[in-house]
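Each in structure tokens, the structures are laid out below.
Next come two complexes, and both contain chain A; in the first it sits with chain B, in the second with chain C.
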Partner chain A sequence: MKLNRFTIVALLLVMLITGTTSPSVAQDTLPRNETLYFNGQQWGSVVGWNPYSNSNNNAMAIAQQDNARVLMFETPYLYNMLDGQVYPLLADGPYTWNDSRTELTFSINPAAHWSDDTPVTAEDVAYTWATHVKYNTPTAAANVDYIADIVATDPQTVVIQAKLNDAGVTVNPLLVQAYVSTNYVVQKAWTQVLEERVGGDATALLADPAEDVVASGPYYKFFADDSKVVLIRDDNYWGQDASMWGKLPAPKYLAHTIFKDNAAGTTALQAGEVDISQQFNSNVQSFWLENGLPISTYLPEAPYGIGASLPTAFFNLNSYGLDNAVVRRAIAIAVDYPTIIANAMTNQSATFDQVPRSLMNPTAGEQALYDHDAVAELQWAGNDIETANAILDEAGIVDSDGDGWRELDGQKLTYIATCPNGWSDWQAAIEVVAAAGKEIGIDITTNFPEWSVYQTVVTKSDAPLPEGYDIFMMWSDGAGPTQPWSRIRKMLSSEFNGMTSNWNGNWGGYSNPAADELIQAIPQETDPAALKEMYTELVRIYLTDIPSFTLMYRPQSFHTVNESVWTNFPFDGDGTNPPVPPLDLMDGWSVAGLYNLVLVNP
Partner chain B sequence: MKAYRNYYLKKIVWFVITLQCAFILNFILPRMMPGDPVAGIVARMAQGMSNATGVQAVYEQYTELFGTDKPMLEQFIIYVRNVFHGDFGYSISQYPRTVADVIKSSIWWTVALQFPAIIVGWILGNTLGALSAYLRKGFDNVLLPISIFFSNLPAFAMAIILLVIFGVSLKWAPTSGGYGFDMIPNNSWEFVWSVIVHYQLPFWAIVLITIGGQAIGMRSMAIYELNADYVKYARFLGVKDRKIIMYVFRNAMLPQITGLAQSIGTMVGGALFAEIIFSYPGLGSTILTAVRGGDYPLISATTLIITIMSLVAFFVLEILYGLIDPRIKAAQSE
Partner chain C sequence: MKHIIGQVFRSGKFLVGFVMFMAIVLTVVIYPLFIKDEPLDIVSRGTFLPPGIYVNVYDSIEFSPRYTLILDEAAARRIASKLSHEDRLAMQEWLVAMGVPPNKIDIEDTANLLELWENTFDPTARIPGMTNADRNYYIRLNSALDGLLATEGATVAAVNSETGVLEEKDVIDQTDYVNVGEVPNIRLLPLGTDNFGRDVLTELVKATGVSLTIGFVAGIIATSIGLVFGLLSGYLGGFVDDLIGFLNNLFTVIPPLMLAILIAFSIGQDQRGAYTVAVVIGVTSWPWTSRAVRAQVISLRNRDHVNLSKLSGHSIAYILLTDILPYIASYVVMALILQISQGILTEAGLSILGLGPRTTDVPTLGLMMSWAMIYQAPIMGIWWAYFPVIVVIAVISFSMNLMNTGLDRVFNPALRE
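So, the complex of A and B:
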């Protein structure tokens, strides 16, 4: 065949690309029936594989969080958001507190070993913590206020010594016990290699891409470029021991194509090029109802998933009139939440009729933590224009100059509601909030700055928020071992007021000593009845003062599966015990789902 | 020759001055954007952090690392040092990757997509525009409205139309990626074929838009030249049509070549919509992310590359003009 010049040039260009990007890997293709494909986790190129750093942009391998990602690195315990329990992973049996709750002890599973076949020991756990502290990693910064030290008393036994307050009481037992299910154990021998490589420099240690890292998880890094990231199963994984899973996970490869936006990811899901989708697919039910595709969600009907976090609109309590609880309540009860849930979330959220608002997420465990009847009269489902107008009129906040807008002490109530530009579901929600204002005579307009600007302004809590940030959206914590306490703390605690960089919460500047006192007391409390009373009181304070108001419920992870190739994904009532949560088979106890998968056509 | 020497000397001086100004602007302008880029990093780092002092410590640590709290002059000196060092410093949004590493991994995809698309679109567009001007009648009646339609169609709309028709409905081409979703890059012909197949939709999305614009420009210029006095005079003298047309299109081509140089000079900016809609690897979306995240080092480096490429393209063009356009020589001799 004779090639023309253009074809030759084109081929040369292609070869140029391949020459630039091709790594030294033995395998050219990923067999479809051995590979599980994901989307919605990885949105840019992988930067590194360093378990000490939070800036690897490596969503498939590294996420030390409430439901830690345990495909490559492992935690001692796995958290299960469905039953609120933790289950041993690297650990052997449950952890125990001493009587004074100052030391937490657990053992390492003798079967656990690293990818280089050396055993995982208690010394690895202790050295991991010591390294975090020595190099002031983000993990150390997050925990040094609560953990004094972690020591190995013998090769298998780990003791976490809690930091004590002046009274000799553990500062925060909740956060101490959360450490064991949220933080990885890193191999001591590899850590020492890393330390030697970076010459003890903390910045270099965190910046190291750790291409030679040793891990203990069921998968190991295989390939990563600007287009995809692939993990390969470690067939020598210790977890096939009878004391843990008893077998290997079903897929040999876990692959994540890096899509540039949700639309591309959705197209691939429909085409069967994605098996598990962790991204917002609008009108997800249309995949099976209209297109007849073998796609499903955890729940067959709306809300299709389990809500875990509470995207919330915060009031800037320094804005004129928003320091008045009546104005805040009127706006909050006038908002048409069913429209937000139907449009912004395409019904992928429970409604506030189904799950009345509180500070809890919709999971059964959290819902059981407060007395529903005690706060029932304070809860609202929204779109209640009549009551909103009535309470404003009653408080004398009326339109006295006839311009159609209400005034408070002669000053017109006018606000700007905002969220980051391009966050389309949030923008749709904020538009509904603005529309509610018009219904009750409060002038609310919208503005959507870029995220880079928005985040800088909202997280600067050492000064009043500037003009344009009267009502603004931020997130809340999802499900985790310290919830709902941690979420409530971040929504109500005044300890974050005054911070130069506040990435925790309470961005509106709310302050209530009674709430602060309860938030401080809960981690020490072990009596369930007392805890319920305390949580109920916090809900009462929140629904009375309304420093912010939740607009929707959002799942911890979206979990939409295409069963063209793999099947037996987790679903509500699938009979698994403990139940496998819909967290994409990679976070916390949901990793158990990888062992249940089977091929549609073996 | 003295006339030419002055001409080239003047162009070189202007090239150097423009480059210096652009270099300084590339540094200053991104840093004038509102927003704190370190806040983005802290957002990632703060996940799971429950103590206020810990978050604050991380913020201060990274502010110091990227030097965003340092005086502007000191930041500029660091920037110059990083440029001469060749790695342009650390990318803020993709830390700890260096800017050079980020650019290196994606620039070839952009160049390989953009350069052939620009050249093919330019050649086809100019050929069709010239034919349209010369043949007129039926051909022009069909080509002109089609060209106007394509040239006015937003780039994202063209990409979506091709995606829906040829990717989703007809399934003639894959809908996303630079190569097969089930492949690992390697030097086999199977992989090369996969790259070629994935290349088609983004390539034609750019080519079709380019053809429309170029055809309209060339048609207008050619019609103008065909009615010029020198053409009428040449016809009176009995010069053959083929000879006349050669002169006409050579003259009409000059502004088109300027446009080509401009396109080539700025191509590193990437075909943003084609990259996003087809999830095609490349620098365009990287730059967009950098701008949104206030990644100063990455913005400065990419805009510097675009600036240098544009300046070089125009400089080469000026040199060539000096040689091929007799009016320049005449002007320098005055």
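So, the complex of A and C:
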């Protein structure tokens, strides 16, 4: 008996000792004033660090997107959503097209080197592309129709050969030039190690966690488990060369605690345990107005951030009556958008009075791309019950049987408006859409299926949408080097109709040859005046046909900062040139903000 | 019967519980007779308006008789509402940072302070160590201070619809008042608005009614199933008892809430109306009633009067209804009360998990809680969106439990005084 008890005590002691010396405890003691804490990016634990795969669930390190996340891996160029320009990162100077616009050339900054101190070369860029193609990665699938090959003509010079159509013209110059600010450069030597490890198997290559990956960025992986992810600064980072940033970023560690839910993240932000938050915090102004916390957003007043994407309600054009443009217009102009923006978005969106609806996001660059006066009378700010009723009456769509609801050719107009369950701001918005129906005699009820069901139904574009999906919400593209063209394509192009799995857009099944033609032609066009005309025409088509209607503007990322420890985060008018966009100091040009941070109490 | 009811109402606990419960039921019934607003109407643009009386500003300027009141403290109060002691300290900090000698600043002397401020404040100044949040605060403070010491009135102007020119319409003096009773549009929002901009009180009353209905339906279903199963299994015994016992065990080992979650999830949101949820709750929470009834029936089935009834050739149904049920009726009523209370709590539980009734048809207490949680009302300190709901849920289940204990005192011989 005694021996037993002794054994238990001994075991407990052993557990205690190993417990206290395990690495996880060591990570809990990151020095606060050397660490920048995030929330709202990483949910669940990290799967891997593999830049070829898009299933790493590793939001801090890997996001190859319009504003690529460049903390650990780097792209040749950085996109700046505020001025629409790209700036060199791994590249040296701007890229150039040849005269026929079939080849894009740029050179690699001679100062750039990998975390293992070997130089970044043009061969790395070429080999990265070759690997994508060879193993048919998601990046290859997205670009292979536009890029023929990427070659290194010498150790510093990269040439991207565009894919040409039958007429010998580049299929899509926009998407070719977007490649350089969207996709990481991966080290050739490490890629070869990886290929050897997986024995040339594509599935294994994508599934490899890449714990030994070599990167070029200012931070490298330090620690990750189910409680937090930490990146540590590479003090040997090439970017401290005078040709790039000239110094190291301020925080030594970037840490993201993995919170259970939004509420936990918000509590941490309030407590100053999070410095920079990518969460939607409803009524964000109450942090400083009511609670007096040192929290601020990019803009001091509503809408608090820069709108970039256009969450939109799509009409199912196969639903009875919704093939009629008058019905679509009546519903769209009757909706009370100010209430959606005030209640669902708690004013974190510009209103349609401030930024009249088009296909453009509220950034100045995109707004300048169409002729506002030419489409002014087609635009609507909502809540126009009177006109909605009038155009329905005029079209003969009236309540003929006295039940309070209008009929079209004897059949009552009744629709279901929907969005995924639990997407609270969208649900609140859809509620307001349904309320508009009651005002104009069209019976709209709401329904919120689970996301797992919703996404399968909505993205299946090879068959008509089933009952219950008459009006449904989806997103649109945000800000990026191919915008607004890519967003417009995804809102209007009929090329997606008939796709078995359509994650692009135009989920309502709209088809208009005139729009398709313009969408085809824009990437080839270089004359700004012609472009403006084409974009204006597309806006005119969109606002006339109304295959979908935007409900609000939404920022690319939410960007709320707590200045208890760090300060000098980007804000509107902060004097940075080029301006640092509010993308949480990690996406595209916003990474420049990491070099400006200072401690509140040094 | 009269005697029993009299006895029941002599129990203090029952009476208190009954009064509380009836107060809630009466509110649910009477409130809509007077306040005819639709409970799900969105009344506010902007979420979580705090409780209070909302007076239409336009009406109070344009459409209400104006009175002059000379009140001594008016100006001081006006200044204090815009310029707190903390604000004065913050202003001092700024002024010192901008190089104003500290001995020149008297933060209690409002006129002097404001003058210094106006001469010194520069929104573009970057003071070392000042955060953007501070900078924003000073800019807000600066605009709040604008015209704080003015003694002249404010001019109201409107655009002439014909000429498009701004024309002066009215001057409002600082001593002008309106009588709230004479303003055409005022709206009392005793509990403010919620995340959708709905009137919380009106919604709460409606939600209480719906939740009570769900509780009743669920309670009656659960008690009926439990009662029938308990009577049959207790009286018949043998194979029927084994079968029902088996079913009962099945339901007992899986917690009822777990079962309700699984069923509610598989039904899907589009099919989940309030009554569907009530049925789901009802069919998952009968086992304990069934067990208790069975135990009581077993103790009754060999009594003399039951045996006599059997010998007289009465049918099983007749015996169960006339010879057994009356003896356990009091117990069944108490069980029903607990089941109703449990049903209301279960609905709240399901709704908080997002498995309650569809959001748009009707409000329920659980849905109100759920939305308050989704919009983070508890962390943002928006008490009116969730606390009244908790109070109502608590009062309902407390009153029902009180009634139950009161009944127990009357009917349970072991407890009878």
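Operating definition for what follows: the second predicted complex is superposed on the first by the 574 of 602 C-alpha atoms of A that agree within 3 Å, B and C clash if a C-alpha of one lies under 4 Å from a C-alpha of the other, contacts with A are read in each partner's own complex, and residues count from 1 in each chain.
One rule holds for everything that comes next: a residue touches a chain if its C-beta (ideal position, glycine included) is under 8 Å from a C-beta of that chain, and two chains touch if they have at least 3 such contacts.
The structure displayed is predicted, hence computed values, not measured ones.
Participant: Between chain B and chain C, whom does A:Thr267 touch in the aligned arrangement: first, second, both, or neither?
Facilitator: A:Thr267 sits against chain B and chain C alike.
Participant: Pick one for A:Pro138: touches chain B only (first), chain C only (second), both, or neither.
Facilitator: first
Participant: Let me test your reading of the model: by the given contact rule, A:Pro294 touches which partner, first (chain B), second (chain C), both or neither?
Facilitator: second
Participant: Between chain B (first) and chain C (second), which does A:Glu394 come into contact with in this model arrangement: first, second, both, or neither?
Facilitator: The answer is neither, since A:Glu394 touches no partner chain.
Participant: Given the superposition on chain A, which partner contacts more residues in chain A: chain B or chain C?
Facilitator: B
Participant: Kindly classify A:Asp149 by the partners it touches after superposition: chain B alone (first), chain C alone (second), both, or neither?
Facilitator: Neither: A:Asp149 stays clear of chain B and chain C.
Participant: Scan A:Asn343 for contacts with chain B and chain C and give back first, second, both or neither.
Facilitator: A:Asn343 sits against chain C, while chain B stays out of touch.
Participant: So, does A:Asp403 touch the first partner chain B, the second partner chain C, both, or neither?
Facilitator: neither
Participant: Is A:Asn447 contacted by the first partner chain B, the second partner chain C, both or neither?
Facilitator: A:Asn447 contacts chain C only, not chain B.
Participant: Who does A:Thr459 touch here: chain B (first), chain C (second), both, or neither?
Facilitator: In the superposition, A:Thr459 touches chain B alone.
Participant: Following superposition on chain A, which residues of chain A contact chain B and also contact chain C?
Facilitator: Chain A residues touching both partners: 263, 267, 450, 453.
Participant: Tell me, which parts of chain A touch chain B in their complex?
Facilitator: Going by the criterion above, the answer is residues 6, 9-11, 13-23, 25, 27-32, 35, 37, 44-45, 47-48, 53-55, 57, 63-66, 136, 138, 141-146, 175, 182, 203, 206-209, 223, 225-228, 230, 255, 257-261, 263-264, 267-268, 271, 273, 450-453, 455-456, 459, 482, 486, 489, 495-496, 499-504.
Participant: Would you pull the chain C residues touching chain A in the complex into a rising list?
Facilitator: My answer: residues 42, 44-48, 129, 131-134, 136-137, 139-140, 195-197, 268-270, 354, 358-360, 371, 373-376, 378-381.
Participant: For the complex, give me every residue of chain A touching chain C.
Facilitator: Going by the criterion above, the answer is residues 262-263, 266-267, 270, 281-283, 286, 288, 290-291, 293-296, 300, 338-339, 342-343, 346-347, 421-422, 424, 427-428, 431-432, 434-435, 445-450, 453, 468, 561, 563, 567-569, 571, 574, 600.
Participant: If you look only at chain B, which of its residues touch chain A in the complex?
Facilitator: Its residues touching chain A are 33-37, 39-59, 61, 65, 90, 94-97, 102, 104-106, 108-109, 112, 115-116, 120, 163, 167-168, 175-188, 190-192, 195-196, 199, 275-281, 285, 289, 292-294.
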